[in-house]
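In what comes next, chain A is part of two complexes: it sits with chain B in the first one and with chain C in the second one.
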Partner chain A sequence: MKFHFTDKAITGMMVVVPEQERLFADDMRLFNAPENRSRKLAMVMGYWAHRVVEEGVCASDLAEYGFRKLFADGKLKPEEIDALVYVTISPDHFMPPTSCILHGKLGLRRDCFCLDVSQGCCGFVVGLLQAFQLLEQKGVRKVVVVNADVISRKVSPKDRNSYPLIGDAATIAIVENREGAGDVFADVRFDGTRAMALKIPAGGFRQPSSPETAIMTADHEGNERAPDNLVMDGTAVFNFVMADVPPMLADLAHDAGTDFAGIDKYYFHQPNKFMLQKLAEKLDVPYDKMPNNVVENYGNSSGATIPSAMALNDAEMLCRETKRVCFSGFGVGLTYGGIVMNCGGFDFCDTIYYPNKGE
Partner chain B sequence: MDKNAFLDELANILDESSVEDSANLRDYPSWDSLAVLSIVALADSKFGFTLTFPDVKGLTTVADLWAFFEKSRTK
Partner chain C sequence: MKDKILDILKEIRPEFEFDGVEDFFAEGMLDSFDLMTLVSTLDERFAIKIDGTDILPENFMNVDAIAALVERSPKR
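So, the complex of A and B:
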C-alpha cells in the first residue's frame, strides 16, 4: 500500500540497549563449526559484539527504562503523549497488550490511544506510518512509537545462523506534526506465501510450548535448535531482499520525485553487514550513505535497528541538520517497506544502557 | 565474468588455491552455508540471476555449478 502525508516529523529519539555485551569470539566456542569458517563468517557478516538482556528481562522493561530517563530529563512528559504505538514480536504476554502494561506503569492519560503492532524487521516503517495516520486526527499532537524486542531469548546460542547476529533493544521515537516539514512518501508490501521463512515455530496457539518443543536437534551443519527457537531460511531471505526490495524502493523514489542519488541517507534495517553492502551495490549507493554497523556493535534487534543506526552514526547531525532520508525495513511477514521524508532537527537523539541486575 | 574468473571467485569463497571441474562441491571442507550464501550473492551481483538454495542442492560438481551459471546468467 502506498501512503502520502505532509508535514510529519520525528522530533526526538531514544535508544536503549542492554549493558550486557557478548563477543562473537566467545559465542564461537558454542558452535559445532570449524573456527576458521566462523572467523570468516564474522568478517563477512560484521559480527563482533552484540548486546543481549539478562535472563527474565522483557522488551517492555527496556522501553520503560527509556521513558523514565526521558521523563527525568524533562524531554518528554507523560501527560503530553496522545498515542503509544508499541511494535514488537516479543510481547510480554499474549494478553494484555504490552502497550497497556506500559500505559499503566508510565501513568499515561486515559485518552492516550494504545496499540500493539506485531511486526519485526519492518516494524519501524510500519510503526511510523501508524503514527502519521494517528496524527491526522484533530487534537493529536504527540505520538510515541516504541520498537522493542528481546529476540535473544528465543534464539538458540548453539545456532550459528542466527545467534551471533541478534541483539536486544528498545527505541522510542517521538513523532509530531511540524509545519513545513514537507511530504512523506511510503510504500509497504507483503508476501504472505513466504510467511514461514522467518519464524518461531512453537509457543503460540498453533503449536503450544511443551517439554517436547524445547528439545534441541542439530541441522545438517550442526546448528542446534528447538521448535521453541527462532529459525530462518537465510538464503531465501537474502534472495527475497535482493529481488524485491530494490524495485519497491525505485518506485518509492519515483513517487517522491527523486532518484537514489537524490537521497542523503539510507537508514535501513540491519540484518547483517553483508546484505546491506549488497543492497547498497544494487541501488548504486555509496556505503557511507547506508550505515551497516549496527550488527557489529549491538546486533540485529528487529524493528529497533533503524533508530539504532541513526543514533549510533548520526546523532549529532540529526539534531543539527535536516536531511532527505530513506528508511527501509524487510523481513518477518514477509514484509518490506520504505519511507522517503525529510528528517532531522531532533530535540534529542540519545543512547542509554539498561543496567545489568545480576552478576 | 568468464569461466576462469568464476573459478577464481569460487576458489576464494571455498578458501582453496584453485578448484577443479570434476570436484564434488561438498567435498571441500569449507562448503557451508556461508559458502552457499556467497555463491548466491555472486549469482545476483555478477551474473544477474536469482540462485536459490534448492537450485544449489541439485548441483554436484564445480562443472555443474558453472553450467548452471552459464545457463541462467542475464549479464
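So, the complex of A and C:
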C-alpha cells in the first residue's frame, strides 16, 4: 500500500541497548568452527560484538528505562504523549498488550491511545506510518513509536546462523506534525506466501510450548535449535531482499519525485554488512550513504535497527541538519517497505545502556 | 580462471578437494555462510560485482558454474 503525508517529522530519538556485550570470537568457540573460517566470516558479515539482555529482561524493560531517562532529562513529559505505538515480535505477554503495561508504568493519560503492532524487521517503517496516521487526527500532537525486541531470548546459542548476529534493543522515536517538514512518501508490501521463512514455530496457539518443543535437533549444517527457537531460511530471505526490495524502492523514489542519487542517506534494516553492501550495489548507492555497522556493534535487533543506525552513525548531524532520507525495512512477514522523507533537526538523538542487574 | 577459483575454495575450506565435484552443497563442502565468504572473495579477487540476485546455490555448486558467473558479472 502506498501512503502520502505532509508535514510529519521525527523530532527526537532515544536508543537503549543492553550493557551486556558478547564478542563474536567467543561465540564461535561454541560452534567448534576453525578460527580462520570464523575470522573470514566475521569480516564479510560484519560480526564483531552484539548486545543481549540478561535472563528475564523483557523488551518493555528497555523501553521503560529509555522513557524514564527522557522524563528525567526533561526531553519528554508523560502528559504530552497523545499516542504510544509499541512495535515488537517479543511481547511481554500474549495479553495484555505491552503498550498498556507501559502506559500504566509510565503514568500516561487515560486518553493516550495505545497500540501494539506485531512487526519485526520492517517494524520501524510500519510504526512510523501508524504514527503519521494518528497525527492526522485533530488534537494529536505527539506520538511515540517504540521498537523493542529481545529476540536473543528466542535464539538457540547453538545456532551459528542466527545467534552471533542477534541483538536486543529498544528505541523511542518522537513523531510530530511540523509545518514545512514537507512530503512523506511510503510504500509497504507483503508476501504472506513466504511468511514462514522467518519464524518461531512453537509458543503460540498453533503449537504451544511443551517439553517436546524445547528439544534441540541439528540441521544439515550442524546448527542446533528447538521449535521454541527462532529459525530463518537465510537463503530464501536473502534472495527475497535482493529481488523484491530494489523494485519497491525504485517505485517509491519515483513517487517521491526523485531517484536514488537524490537521496542523502539510506537508513535500512541491519541484517548484516554483506546483505547491505549487496543491496547498495543493486541500488547503485555508495556504501557510505547506507550505514551497515549496527550488526558489528549491537547485533540485529529487528525493528530497532533503523533508529540504531541513525543514532550510531549520525546523531549529531540529525540534530544539526535536515537530510532527504530513505528508510527501508524487510524481513518478518515477509514484509518490506520504505519511506522517503526529510529528516533532521532533532531535539535529541541519544544512546544509553541498560545496566546489568545480575552482578 | 578455474585454478584461481579452486585456490579460493581451498582457502575457504582447506579440508576439501573441490576439483571435479559436481555439487559442493550436496556434498556438504560449502554451507550458506561459506557462500557469503566465497562471493565476497570472488568480488575482490576478480574485481567484479556479483549481483545480489545471482547469489543462489546453483551458481556456486561447482567450479564451472562459478566460472560462468564470474564471466558474466560486471566489473567494478
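Methods note: the second predicted complex is superposed on the first by the 355 of 359 C-alpha atoms of A that agree within 3 Å, B and C clash if a C-alpha of one lies under 4 Å from a C-alpha of the other, contacts with A are read in each partner's own complex, and residues count from 1 in each chain.
Convention: a contact is a pair of C-beta atoms (placed from the backbone, for glycine too) under 8 Å apart; a residue touches a chain by one contact, two chains touch by 3 or more.
Please read these numbers as outputs of a predicted model, since none were measured by experiment.
Looking at the shared chain after the overlay, A:F274 reaches both chain B and chain C. Legend: residue contacts after superposition of the two complexes on their common chain; A:E221 is shown touching both chain B and chain C.
Of the two partner chains, neither chain B nor chain C is touched by A:H4. In the superposed model, A:A236 makes contact with chain B only, not with chain C. Look at A:V44: by the touch rule set out above, it reaches both chain B and chain C. Legend: residue contacts after superposition of the two complexes on their common chain; A:R68 is shown touching neither chain B nor chain C. Once the two complexes are overlaid on chain A, the chain A residues touched by chain B in the first and by chain C in the second are 37, 40-41, 44, 161, 221, 234-235, 238-239, 242-243, 274, 278, 281-282. Of all residues in chain A, only 37, 40-41, 43-45, 160-161, 220-221, 234-235, 238-239, 241-243, 274-275, 278-279, 281-282 touch chain C in the complex they form. Against chain A, in their complex, chain B makes its touches with residues 15, 29-30, 32-34, 36-38, 40-41, 44-45, 50-53. Interface residues of chain C facing chain A in the complex, by the touch rule stated above, are 12-13, 28, 31-34, 36-37, 39-40, 49, 51-53, 55-57. On chain A, the positions that touch chain B within their shared complex are 33-34, 36-37, 40-41, 44, 161, 221, 233-236, 238-239, 242-243, 274, 278, 281-282.
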